[in-house]
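The letters A, B, C and D name the chains in turn, as written, and every chain counts its residues from 1.
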Amino acid sequence: MLKLATMQDAMNRLVHDGDIVAMEGFTHLIPFAAGHELIRQRRRELTLVRLTPDLIFDQMIAAGCARKLVFSWAGNPGVGSLHAFRRAVEHGFPRPLELEEYSHFGLTLRLQAGAAGVPFLPTRNFAGSDLPRVNPRICRVTCPHTGEELWSVPALTPDVAILHAQRADAEGNTQVWGLVGVHKEAAFAARRVVVVVEEVVAPEVIRRDPNRTLIPGFRVDAVVEEPFGAHPSYVQGYYDRDNDFYARWEEISRDAQSLARYLDEWVYGLADRRTYREKMPETVEGLRARQMLCAPVNYGY
Amino acid sequence: MSRNFSTYEIMVTSAARMLRDAEVVFVGIGIPNVAVNLARRTRCPNLVLIYESGAIGSQPERLPTSIGDPALVTGALGVCSMPEVFQYYLQRGLIDVGFLGGAQIDRYGNLNTTVIGDYHKPTTRLPGSGGACEIAALARRTLIVMPHKRRSFTERLDFVTSPGYLGGADARQRLGLPGGGPQAVITDLGVLKFSPDQGEMVLESLHPGATLDQVQENTGWLLRAASQLTQTEPPSDEELRVLREEFGQRAAAS
Amino acid sequence: MLKLATMQDAMNRLVHDGDIVAMEGFTHLIPFAAGHELIRQRRRELTLVRLTPDLIFDQMIAAGCARKLVFSWAGNPGVGSLHAFRRAVEHGFPRPLELEEYSHFGLTLRLQAGAAGVPFLPTRNFAGSDLPRVNPRICRVTCPHTGEELWSVPALTPDVAILHAQRADAEGNTQVWGLVGVHKEAAFAARRVVVVVEEVVAPEVIRRDPNRTLIPGFRVDAVVEEPFGAHPSYVQGYYDRDNDFYARWEEISRDAQSLARYLDEWVYGLADRRTYREKMPETVEGLRARQMLCAPVNYGY
Amino acid sequence: MSRNFSTYEIMVTSAARMLRDAEVVFVGIGIPNVAVNLARRTRCPNLVLIYESGAIGSQPERLPTSIGDPALVTGALGVCSMPEVFQYYLQRGLIDVGFLGGAQIDRYGNLNTTVIGDYHKPTTRLPGSGGACEIAALARRTLIVMPHKRRSFTERLDFVTSPGYLGGADARQRLGLPGGGPQAVITDLGVLKFSPDQGEMVLESLHPGATLDQVQENTGWLLRAASQLTQTEPPSDEELRVLREEFGQRAAAS
């Protein structure tokens, strides 16, 4: 079944006000184009799920999309704070933001439990930390074999997962290389899955290297082809991280007005990702990846 | 041996020197990233660098700007998922050393990276745990690197994100924490270790130019000092060259 | 650290009488060469762990290596019974064999728990089956969040895992493609790991395609280069499964004397895998894989 | 329509016809393997074939000789580990249909593939569960394919490897089994379904040439038959061509 969709259509059909929305990608493959479209469509009351809210959730929080955040590290990596996130938490601006907080391990385990179809998974983490004190979803469990006391987190099954990847075929069979983060777990945990890719490729490309497939097409509801769709994050083999933009975000976001002007110019003011690309041709060119090909392997028998 | 080095540089080199060759190191963002890569390029060519992003055995050509930098993948020995890195590596007990830092630390090496003030009505909201809580819980030992400031070295934390020795040396065992806990705290003034009896911070060495008074002034509790207080070995010319030339760290070296 | 070893040396150093030995590989990558060397070295009192005991454990049971079997499906796939296994279970020949039996899911989960460093993992499987009745290691656990009753299996941490793979570098960084089975979990669960590969390659080969790495070198105690070492099972990209031999095993193994003659000729009578290969040149040639290369991907940035 | 077909062939084609296009099918060894690949090459080109070995979306060029055949990988849509296939696919509830068979079956569709006689002192030791127990527990529905013999269709199993409806239609729910249970049993004599009230086997259709008496003779309990007992649709010429020519199944077709 063909799953090709425009970003506008995919976000409109598959993400609803009030949904629990996981948008994963650890530094690599962050679905910025999808986030911008959700801002443009003025989606509201979302519960946003990401290990690292990063700039994309900072922007969505500033735009008023989020009611609640499920997360484990909210900063601008290597730069400093997420100022819109802090304004929401410290001052309730533009609206209060409910927090549900984990460590990275804890949140990956929630998605893994969701993907695995069990209501919980145990961990040796969390003893001695105050995290369980402020998050009652982290609780104790006793090993039925040894009697040891461990900790447990409950399964998380988002309404929708939005995941950026290098490539997929039109049926949604999706391949990723480089860092894979918690993409697979988010895809299997979620009820609906949107995959945003740099390139839609022929099924033969997928079938020639099945070990690279991270998400099978029958789990995917929409495939959006959106080159440069992860900028300012990066896509291994396609473009580098825009570290300058991450540094500039500190200036842009420190002040709510300045952040609003950024959204006006770069999100509300643009129709789609194509116009975004066309507005920064030197950046697109400057970040392009060098070619460092791996060697092929033999799948014959 | 150079005499021109910054407190930042001696903090980084002191941290790098706590590593032994061929150890498996869980590398965090910021100074740990610099320290581990410095060690790898100098004394410890066989360090295995593992990033929580899932990069295994990275040999980055450039100093990574984040723990998810693409340079950590290109030329790495492997890549795994994040559920695997936390379970199969960290929780399985395969990580020899993890690095930590924080906004606040107490005498037991407990760390706060979550919040200043009340959790539900914070004065300052900090980033949170990331992987710190599990590194603190599960790595065989941890090294803590952070600038020595009185507002950071506090009598009482506003929030325990990542456990050190909690209330004393045997508290970890009582709670069933698998990891060994902090081995040392490396600051811009000196190196501190933990007493085996109390699990309490003890000043072991002062960096050249730093004084005991200065350290005490910047510590929010009455700090114990080793009877044999030593002076930290300064950075070598080679270490400074790597930091400045290969990593372009001069700007940060103020 | 270089880990290269001969098979003789690796088995001698790393597998001891009485050990719990996991030898994994689901149809693909079964470590026959290692099993034959353990038979030659007359290792005794082993607890053998495999989802599918397959011909290799049938041979090791017939040779008297095994005290106990931990398994989930004991047959000759597509052919019939494992006769040495049945003789041991039904008639105690050549010695009684203790059984610890799971389903595939249950046994993979035991290895996954071992690899993950937790004492147990929960599952929705096993209700209504008699397996928990005959295996008290399968027990109930209650979800601490929802109160649901699930089942649980305890972690399995073998003394040694022996795993066949396509290639590794001399430090043990090991790559696999095609079916990966439960290789990774066995490697991380075990205390010691022996990797047997078709080819030892330069570290650069591994580093050019890090996403194919299944086992990091620092987890590996010995790397044995043993071409054709998985025969009569197969290695994707190297040689096909010897389905004729699997069919012939029915004849060879139905009778204990005939099986003993096979071991005399093909195991005890040979010094190593090289002489085994040289004894069947047409088979080696006939099973050689066709070339069906995948396309390279770009790891640049 | 051919009149020359074997009981093996009508068993395989009847099983293949229980599948709907685009379903996600967990494929077992033996007859299920043949039936699913037959369906894919005839009525259901979009079937997603998943093997417990971790092959996803296989399009084997040859009839696989085992569920771990290399032909299941070459040209497949994906490969995953076995912990993933059991958890992310089967336990997550993504498998529409699973196939099962066995040495013994009772009226509730419970299956024994473990042992004849006492478990601890068996007359005949069988292979065991493999993936059958979890397919029976977790697939949305299962199809059971096995030859109709009195020693197989027994009043009481020596061992329940894989649960059907246990002691009645609601027993699965009471035990919290997520999967829907068996939809049908396809034998060389006919097709049997399960009564919604009792979860008990009911003969739905007889294969051409088979009689009710013959089925009852080969069933170890008093078998219920549908009031509207039908005759099974014979294999089509195209189905027989695929089986015989593409799969080379003539030898087995006795």
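Assume contacts are C-beta pairs under 8 Å (C-beta built on N, C-alpha and C of every residue); 3 or more make two chains touch, one makes a residue touch a chain.
These numbers come from a predicted model, not from an experiment.
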If a chain touches chain A and chain D alike, it appears here: C
Higher-contact pair (C-beta pairs counted), B-C versus C-D: C-D
Pair from B-C, C-D or A-B with over half of its contact pairs in common with A-D: B-C
Distance from chain C to chain A - Cα centre to Cα centre, in angstrom: 37
Euclidean distance of C-alpha centroids - chain B vs chain C, Å: 40
Whole-Å gap between the CA centroids of chain A and chain B: 28
Of all residues in chain B, the ones touching two or more other chains: 55, 70, 73-74, 79, 91, 138, 178
Where chain C touches two or more other chains, by residue: 117-118, 123-124, 148, 177-178, 180, 184, 208, 211, 234, 236, 240-241, 289, 292, 299-301
Chain contact graph, described as a line, ring, star, complete graph or other shape: other
Interchain contacts (touch definition) - all pairs: A-B, A-C, A-D, B-C, C-D
Residue ranges of chain C in contact with chain D within the complex: 26-28, 51-52, 71-75, 77-78, 81-82, 85-86, 89-90, 101-106, 108-109, 111-112, 123-131, 134, 148-149, 177-185, 234, 236, 240-241, 243, 289, 292
Parts of chain D lying in touch with chain A, wherever the complex brings them together: 22, 24, 46, 48, 55-57, 59, 70-71, 73-79, 84, 87-88, 91-94, 138, 178
Partner chain B, residues of chain C touching it in the complex: 1, 115-118, 173, 184, 188, 203, 206-208, 210-211, 213-214, 216-219, 299-301
For the chain A and chain C complex, residues of the former touching the latter: 117-124, 137, 139-141, 143-146, 148, 150, 152, 154, 166, 177-178, 180, 205, 208-209, 211-212, 234, 236-241, 289-301
Touching residues (chain side chain B, partner chain A) in the complex: 29-30, 52-55, 65-70, 72-74, 79-83, 86, 90-91, 110, 114, 119-120, 122-134, 136-138, 159-163, 166, 171-172, 175-178
